[in-house]
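Next come two complexes, and both contain chain A; in the first it sits with chain B, in the second with chain C.
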Partner chain A sequence: MSRLGVGVLFLALAGPLAAQDAAAWRDSAYRLSAERQRVWDSLKQDDAEIEEIARRSGLVVSASSEYRAFAEEVLDRFDAARRRWFGAALPGPAGFRITLRQGESWSFGRQTSRPQSLSIAGVPDTGDVRLAPFVPDANLGSPEKAAQRFLGEYGTLMMSSAPAAIRRWLRAGLLLDMGEDSRRERAMYSLVTGVGKAQRACVQGDATGCAHALGIRRSGDPDAGGEYYPLVRADMLLAALEQGGQGAWTRLMAAGGAVEEGLAAAAGTPADSMLVRWRDGLLALQPDRGPLSLSAAGLILGWSALILAAGLAIARWV
Partner chain B sequence: MLRWLAAAALVLGALYVTLFRAAPPVPESASGPEFTRIADLMSRQRRAMILWSALAARDSALARLAVSAVPPGEPRILATGFGSEVVSKEAEAQVRRRWRAVGAADSSVRTLVLLYNGAEFDTLRSQVFPYSGALLPANDSGTCVAMTSGILKDGREIDIRQSQLDLALAPCLLRAAFGVPGRPMREWLERTGHAAARSNAWLDRPRSILDGRGQLPWEPMYDETWSGLYAGGGTSLIRRLATVELIMMLAPPYLMGGPALRCLAGNTAECSRTVLDSTSPRWEALPGDLTGFQSWSRRARPDALVSVHPVGDWFLSDIIRQEGRDRFARFWRSEQPLEASFREAFGRELGEWTRDWGIRQRLGSWEERYSRKSVVLGANLAPSWPLLALGWTAAALLLAAWTARRRQVTA
Partner chain C sequence: MLKAMIRLQWKGCWHLVVALAVAALALPIVSVRTGWRGSGEQLPRFLIELQLWGLFYPALAALTAVILAAAIWASDRRGHHIYALLLPIPRWRYVLLRYFAGLVLLLPVVLALWLGAVIATASLDPPPGLRQFPHALAAKFGLALLLLFGLAFAVAAASRRAIGIGMKLVGLFIAVHIAVILLSPKTNLIWTVVTALSTWPGPFAPLGGRWMLIDV
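So, the complex of A and B:
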């Protein structure tokens, strides 16, 4: 077939029908996106009764009636925790706003209770949508939980401005909403149960092994084995930020380049010292007693005694 | 009487301590209909965005093919929608690496790699990638256009996703290595949206490595009745006792569908069926000359328990890795029905090969590693179970009788 013939055939295939289809799906995608945004905005407007409760060093906390009592405590907890890792740094010059919302319930299509909101903003709070995640159905049962959830969202905002190499290395984010005890315990468990050669070397105190198992530096040994889960990387980064103190986050942002350099800059120490300190900190968390709690043991014994007593009481004792 | 009341109070107290010692349960329904509506709108928006990007990329590719022929050999890389003077060194390196691994490419196959601008699709924040796949024009079986999106960074360099480019390249790489497929193979690939041909691992992964990244060999799908059970089912007592979770943990791996289970249990005819009748994940609005794309989540369907689920997307890649390129080329180009050509090329039945592959893949999957569910069809009560139950019952009866005998008082 001549080149002209092939061209005509292709043009016939790329004819008006296909073009129209693409345009129709484009319109549909935009219409659905606008509709989604409209429903989202209508949810936010339900928060008319939210009012400012307190201000602290560039942060403002606002709450609706149910959360006014502990809003200030949430702000204090959140501020203390964020300073521990990020110092006074903000996600961006436009500030930020994080809103948690909970409590609405529906029955047979009717709203039986109004939603309650708790919001923390960093001034200037320009209302930039990109910096204002809205978290529905957050569990705000206590100031600790609420502060934890705020911290998780804040960590996500901060990481969005972190160097690309660090973001790629981290894989799963900072996981700050997980709770420190839980995160560190899991990281410790991963550290001590890793079976790869580099992982075992890391437990023994070899910084090169730790660097390989964390994906920071290749050891060159083809038998070095696998790497730790992303959670362990998050724990490493947070440990480096904590080691580095107030200016750690700023140094991390300024470092750029390789992950190892960034982490060492954040920690303010050579990479190997930072890794050994991190490993020592995790090993210190190893449990010194068994997992069976007193209450669980009591419950088991209680049930056993009850069943035994029931069995022995079948016959009458004359 | 008092003793009975005390015993009843004791039992009730024990039940209370067991069931209510944990934190109070979450409210029955914490989310309103707006959230369901937002989720539904997001799902439809994603579908519309992917179809829009697929059709727009197809239009660009067909328009390009209409004005300039694609030369045979190593593929040309074209960028569309970015302006002039843009390059993607990352894409060039990846394509070069892949074609080097192919070796001598088939001279009858011409490949074009089209990088289209994903910026506009990104503005919708749909949280999924735009379309990545291949255009295989129906009137020209020798041409393959791999299409994926990119984003311009620093004004000159196009940033691409390597995994997405690999997905788009997969059908073209198979054609470059083995030529134009025979009609039965072509029809099967089109019918299944190339679902089994999305892995390029055959190019460089050693045969000894188990591929599949720990996934199940047939795509897991939830039956809609299960999600209904989770969403609306049961009282808080049932939830507390984790009844639904226990049933799910103890049940055989129904997620892969009945035919796959029968295949794993040794029914080779069902194994063939899971390959030949593999349901396609493509959407109806996608033209037949475009390959399908990866779904982003586990899907639910009303007949998930009984239907044939798509076979793993590394299935063809594994055939090549296990059987070698030369024999696969015969299978690929054969004009005989798929089962006959498989037998002729590899000396084995398709069903038998698929059964062995499925068992191997399942044993290496995360699902098997963490749940270890056995595949038992029909009644699944092991013979030892009734014996064990009867034995313990007899022991309990004997203990009770012995205790009662000791307490008898004769007049």
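So, the complex of A and C:
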């Protein structure tokens, strides 16, 4: 903005600002200052209470009082899950730190719980802090949930160092904070119900159709139809990383260039084999029968007869 | 005799049967109300929602079973079973008559759910990859109702003494569970029993699984 523009803006604001009561301005400033001090104090208090709980294969977990009991379990779960997709790779040479924070809670003007933190750092911890979204007045829940949130943040950190082509292709990130069952089920629904020509071909086992529907490789057919939505791409990338084992992430990073080559390098197989394996994995989740099976019907009839016999036996009113 | 019993029970419970049948008719229709709005991208979301709606089928079956079993035995309990004991038929036959008359009262609810499922699926034009299960879903609902009604019926028909013994056994089990938890925190007896009842060949195993009107 030019100097003239800034001047005009100040002149325009001068009228309404002058009309404000000075006492109201002073009160607002005091309130803001007090609020800032309160937030700062609570963060300082939180940092002072956090203490290291355990170290495991290059990772260290720290927690404040409320989360000390399950911090070690969170670390174990997080480490096992991250190794599954990223091996021993770290987001950067400087290490990382992810901190989940839970806000203090108040009831009837009285503080009922202090702010709590749970933090996982990759050694060396250089203080390159990444804060997860603040969770006001909410509990981090079980070790599973906390590990899931760490994994989500870790996935975002890892993706920030991934090749630009992969990041552009992925669109919505790795979605690791979503439960695996839920992600795979949604991906399976999307795969099976895709209506485009390429999507139907993919369900039938055509790798070229899968590649087009995933946005990896154009089929050249103008009628090929649309692509799967971003969650399916995330599922594909995670499947490739899982297929590739421990060195998959490193190979993906080294491949650079086109998405197809990157994914194939990560999976350690040709792109078509990787796509067919991914498709087979999702189709295996498809329910193999309708809501009712013959064996279930037989079991219900058998138990119903047994329960009726028991009912006859206990109906003795005198 | 069965006809007389059905008439008697219908007189006492018809308003409940009608209300439950309306709920059963509405459930499948409401569950597909949003549909996928003609967009393939909405399909996964629609199926996830339908899966959540599926939880209401066993819930409705349980509600129907408990309400009707309690209503069927309400008059007998009020009269301390004197009417049943005065009849010139054996006790077991009287209980069986009540049971079969109760099953007849369940029929309108099952038929309403089946009709609702057929109406709901008739209004949709599913894309390739989707299958519809109006008949299988209604059959599963009917069987679930049979099982849960049998259970609720047995409890409602039980004598005060039998219920008292049952309550004492449950209390004793909870006490043992607490003692075991204190001695060995990783052993959870209640969870073990729940798992045994809800996994094959437990009685509630068939009530789990998918309750999908439309599925992949």
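Here, the second predicted complex is superposed on the first by the 223 of 318 C-alpha atoms of A that agree within 3 Å, B and C clash if a C-alpha of one lies under 4 Å from a C-alpha of the other, contacts with A are read in each partner's own complex, and residues count from 1 in each chain.
The rule is simple: contacts are C-beta pairs under 8 Å (C-beta built on N, C-alpha and C of every residue); 3 or more make two chains touch, one makes a residue touch a chain.
Everything quoted here is computed from the prediction, not taken from an experiment.
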Checklist entry - Is A:26 contacted by the first partner chain B, the second partner chain C, both or neither? => result first
Checklist entry - Thinking of the overlay built on chain A, is A:312 touched by chain B (first), by chain C (second), by both, or by neither? => result both
Checklist entry - Touching A:299, do we find chain B (first), chain C (second), both, or neither? => result both
Checklist entry - Between chain B (first) and chain C (second), which does A:36 come into contact with in this model arrangement: first, second, both, or neither? => result first
Checklist entry - Looking at chain A, does chain C or chain B touch more of its residues? => result B
Checklist entry - Touching A:102 in the superposition: chain B (first), chain C (second), both, neither? => result first
Checklist outcome for this item: Residue overlap on chain A between the chain B interface and the chain C interface 299, 303, 310-312, 314-318
Checklist entry - Across the complex, what residues on chain A touch chain B? => result 3, 6-11, 13-14, 18-19, 21-22, 25-26, 28-30, 32-33, 35-36, 39-40, 42-43, 102-107, 109, 111, 136-137, 295, 299, 302-303, 306, 310-318
Next on the checklist: Residue numbers of chain B touching chain A in their complex, please.
Outcome noted: 7, 10-11, 14, 17-18, 21, 27-35, 37-38, 41-42, 44-45, 48-49, 51-52, 55-56, 58-59, 62-63, 65-67, 69, 124-126, 137-140, 285, 287, 289, 396, 399-400, 403-404, 407-409
Checklist entry - What part of chain A is in contact with chain C in the complex they form? => result 185-186, 188-190, 192-196, 200, 203, 226, 229, 286-287, 290-292, 296-297, 299-301, 303-304, 307-308, 310-312, 314-318
Item to check | Residues on chain C engaged by chain A in the complex (per definition of touch) | outcome: 40-41, 43-44, 47-48, 80-81, 84-85, 91-92, 95-96, 99, 127-131, 133, 136-137, 139-140, 143-144, 146-147, 150-151, 153-154, 157-159, 161-162, 200-201, 203, 205-206, 209-212, 215-216
